[in-house]
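Letters A, B, C, D, E and F mark the chains as written, and numbering starts fresh at 1 in each.
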């Protein structure tokens, strides 16, 4: 009965990408741990870039700096 | 000091239902563990059905299939 | 497909109490939201009292103060 | 590699406050545990006041009662 | 900067399996979302079977019933 | 009513360090958001280094490589 919580920044994740994350994470549990997919939950949280920090900075600021390079 | 996190799909949960979840979960902590309600937190997360997967599928797809039966 | 995470301090929670928490939380999802129990997960985390703080203090210290009253 | 998840009610938190939370939490990890900031994640979740309960009540109701005092 | 939290029951997960989960989840983020592995965290929580419920029952009880079939 | 979850690797964190994390995180909520400490929870999770991955590798392996430098 695995529960996999994928937390990522909210940056235009497409529906196809969400499906690929769900399938891939569920398959990983089946392949590695032999967990049955019908009791494997995958929950994706899309976090605003203002709300995610790394190295003292908001991801919003990091993206701005990257786009100026 | 319990912290209860209820994660459900975002499918028209009414305010009355939210109140019932908060009251019920808080009462459960008081009944079973004798925890004082004033330090019991209940946090409800409503997750978009595109972001919740079970059995390789998004809940969005599961709901579509169910409505066609 | 609810996922309920109950986080409590690790203070001699009995197996009967764990069963009561699991049953009560699962029933709450069925009663309030009509969620099917076979896809309702309840996960209990028992956190050491040294690792839980409230009002600046570890619960370990709060318990000591309470036992001296 | 700390991961700090700050969950607060969604009540007009400004961007400056978010930056202060990220900086403060990252600095705390560096000061207390000597953790390098470039691998310290801070994730802020803003939860609607209808979805947060304490002492049986939604924070929405608590705020209404406070504003009438 | 993804954060992936894999919560599973504590049932003799080997170190090789943990490595496979970490590699697989990190690769999934790179393949699907183009996320750089050096800022991808994977955290595995092993939860005692007494503390995980599904369908009103502890996993401990479910395992006992399965082993008797 | 903030809830702050600090997830770190389980590497000899002392009780004094835990107290400093609890005090610092609680103070941060008071300073930045004017949140009252008596309803601020801080929960520290110490995760085994085998269970935490970054950049495809377990922290256990990263620490071994660092100690050989």
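Following the convention adopted for this analysis, a residue touches a chain if its C-beta (ideal position, glycine included) is under 8 Å from a C-beta of that chain, and two chains touch if they have at least 3 such contacts.
Keep in mind that what you see is a predicted model, and the values were worked out from it rather than measured.
Here the chain-to-chain distance from subunit A to subunit D, counted in touching steps, is 1.
Minimum number of contact steps separating subunit B from subunit E: 2. Although subunit D and subunit F carry the same sequence, what matters here is overlap: shared residue numbers make up over half of all numbers found at their interface.
Among the remaining chains, E is positioned farthest from subunit D, on the basis of C-alpha centroids. Judged by contacting C-beta pairs, the busier of the interfaces C-F and D-E is C-F. The mean-CA centres of subunit E and subunit F are about 21 angstrom from one another, to the nearest whole unit. The distance from the centre of subunit B to the centre of subunit F, each centre being the mean of the chain's C-alpha atoms, comes to 27 Å. Annotation for subunit F: residues touching 2 or more other chains are 1, 3, 7, 21, 25, 39, 41, 43, 52, 54.
Contacting chain pairs (ordered by label): A-B, A-C, A-D, A-E, B-C, B-D, B-F, C-E, C-F, D-E, D-F, E-F. Residue ranges on subunit F touching subunit B, taken from their complex, read 1, 3, 39, 41, 43. Chain contact summary for the complex, subunit B toward subunit A: residues 7, 47, 50-58. If you check the complex, the residues on subunit B that touch subunit C are 1-9, 13, 17, 20-21, 24-25, 28-29, 31-33, 35, 39, 52, 54, 59. Within the complex formed with subunit C, the subunit F residues making contact are 15, 18-19, 21-23, 25-27, 37-46.
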